[in-house]
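Dropping the structures in below, format is structure tokens.
There are two complexes below, and they share chain A, which is joined by chain B in the first and by chain C in the second.
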Partner chain A sequence: MTKYLIFNNDSSTGKSNKPGSPEAVACDIARVVDMDESDMDDYIAYSADMPEATFEVLKRLPVYSIELTKEKIDSWNNDALRIFEQIENLKQNIEDSRESLSDAVQALASDARYSELFNEVDFESQITFDGVFDSMVQRSEYIFSKTIKVMFGIKRVSSTEGVTT
Partner chain B sequence: MTKYLIMENPPNSEEFNKSGSREELACAVVKVASLHDYSADHYIAFAVENPQASWAFLKDSVKYTVEIDDLREEIWLKEIEPLLNESDKLSEAIAQAYSVIFDAAENFDIACKKSENFQDLAISKDMDLDYAFENIGNTSMTEISEKVDEIFEVQSYQ
Partner chain C sequence: MTTYLITHRSEDSQLMHREGSAEEAACEIANQLLMFYGPAEKLMAIKSDSPLATFSLIKDDVLCSIDVTKKSIETWRNDVSSIQMAINQFHSAKNRAESILTQALDDLDFAFDSSEALGDFVPSDDISVYGVLDELGLSDLETTFRRALRDMYKFKTYQKSVV
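For the complex of A and B:
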């Protein structure tokens, strides 16, 4: 079992983890747990027993730490990634649907604006759905993120604001 | 101005409103005003001077009356119908969204069941799509219906 420390990465340094490496897997897991749309190079991971890790820790605390085995890495690559793709597909469908509804409401509102009978009806304010779609996205992300967090035992060490307690 | 009497058209009836007629328009008005999702042939209308209208009165089978004249017909064609089309498109978009998201959530659950480590994970139930979509209040039909009810002086006899 190897412990990896995951740090915020400054893209201007040009540093990044080798795709497919355990370090890159560690960063991918961190990004799923974060539930935001961060880029692949927003994190960089080092094996805890490497001098780079020590050097980085002297400068700042890692955001996450994670212990990975070959089995865990295989689970990520062969199992979790497939589920992750399904979550991404679900999120994409939710966003596409939100866009379709938004277009339909805008077309309705536009017709109403030029109508003598309905020009005072504000359909865009009346027909709201953003909250519903946001909630669907957050719910699906949260369920997957929570499962990944428990399954891979990733631990948050510090936030961008400071050390977590 | 002409008053139209609207009654239910029995399923085996061979009588229909003539396409493009005011009788047909009267039935369309009632459909919108009552917010019912009946087929176009569910109702049949007669102008009040039509003998069949008197007969319907005697049989107590009148369900609605509506008032139509040239101006109201023009309002229907120029104002109501285009908005109804947009409202229908919105309803279709909502139904399509439900279907697409439901399928994607189901696919997620199926993938989880087939997986080695995520068999206990399921999202369809947790997302409660029925409840979520109930909260998308498409008020357009209600707004249009209220206005149609007012303009065409729809009276219900149910």
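For the complex of A and C:
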């Protein structure tokens, strides 16, 4: 089992983990746990027993630490990524549904504007889109993030701004 | 303005409303507002000041009454049908979304289920497609639509009197 420390990465330094490496997997896991749209190179991971890790820790605290085995990495590649793909698929479908429903309500509002009887009726304001679909996206991301957190035992060491209390 | 009483058309009735007539429009409007499960042809419109209207009232046959004018019938034919069609299209979009999202959620459940390590999680236990789409407010939209129609056509339902 190898422990990895995951740091915020300044992309201007040109440093990045090799795609497919355990370090890159560690960063991918951290990005899923974060649940935001961060880029691949926003994090950089080092094996805790490497001099680079010690050097980085002298400058700042890592954001996460994680212990990975070959089995865990296989599980990430085989199971978690497939689930991630399905979550992305669900998110895309939610977005498409939001768009088509929004088009339909706009068409209705446009017909209503030219109608003698309905020109003062505000159909658009009666339909609530954002909260409804956003909660679905957030729920699916939260489930995945929580699952990955438990499964891989990733630990937050400090917040991106400073040390967590 | 003419007030029509709307009744069920009896199965053996030979009286059919003329195509394009005010009576035919009155039945279509009543059909929409009564949320009648069947074609408007199953209804009959009777002018409220006719002897047949009095007879229907005595027989307790009247479902509702509506007021129409030449202009309000034109509005029904030109305006309302396009709004109704737009609402139906919104319904179709909602049904499509329901089907697409249910499939995507089933696929996600399956991906979790096929994983050895993550198999215990069932996302659909936490996410409800139907619950989410019900929150959109489609029923408010239809209520508004019906309210506007009810006001315009002075729609009034008749309760069966209890003897």
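In this text, the second predicted complex is superposed on the first by the 165 of 165 C-alpha atoms of A that agree within 3 Å, B and C clash if a C-alpha of one lies under 4 Å from a C-alpha of the other, contacts with A are read in each partner's own complex, and residues count from 1 in each chain.
Here is the rule we use: a residue touches a chain if its C-beta (ideal position, glycine included) is under 8 Å from a C-beta of that chain, and two chains touch if they have at least 3 such contacts.
Not measured: the values here are computed from a predicted model.
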So if we stack both complexes on chain A, do chain B and chain C clash, or do they fit?
clash
Mind working out whether A:117 is in touch with chain B, chain C, both or neither, as first, second, both or neither?
both
Looking at the overlay, does A:40 come into contact with chain B only (first), chain C only (second), both, or neither?
neither
Touching both chain C and chain B, counted on chain A across the two superposed complexes:
75, 78-80, 82-83, 86-87, 89-90, 93-94, 96-97, 100-101, 103-105, 107-108, 111-112, 115-118, 121, 123, 126-129, 131-132, 135-136, 139-140, 143, 147, 151
Inside the complex, what are the residues of chain C that reach chain A?
75, 79-80, 82-83, 86-87, 89-90, 92-94, 96-97, 100-101, 103-105, 107-108, 110-112, 114-118, 121, 123, 126-127, 129, 132-133, 135-138, 140-141, 144-145, 148-149, 152
If we count contacts the way the header does, which residues on chain B are in touch with chain A in the complex?
75, 79-80, 82-83, 86-87, 89-90, 92-94, 96-97, 100-101, 103-105, 107-108, 111-112, 115-118, 121, 123, 126-127, 129, 132-133, 135-140, 143-144, 147, 151
In the complex, the residues of chain A that touch chain B are 75, 78-80, 82-83, 86-87, 89-90, 93-94, 96-98, 100-101, 103-105, 107-108, 111-112, 115-118, 121, 123, 126-129, 131-132, 135-136, 139-140, 143-144, 147, 151
Complex contacts: residues of chain A adjacent to chain C:
75, 78-80, 82-83, 85-87, 89-90, 93-94, 96-97, 100-101, 103-105, 107-108, 111-112, 115-118, 121, 123, 126-129, 131-133, 135-136, 139-140, 143, 147, 151
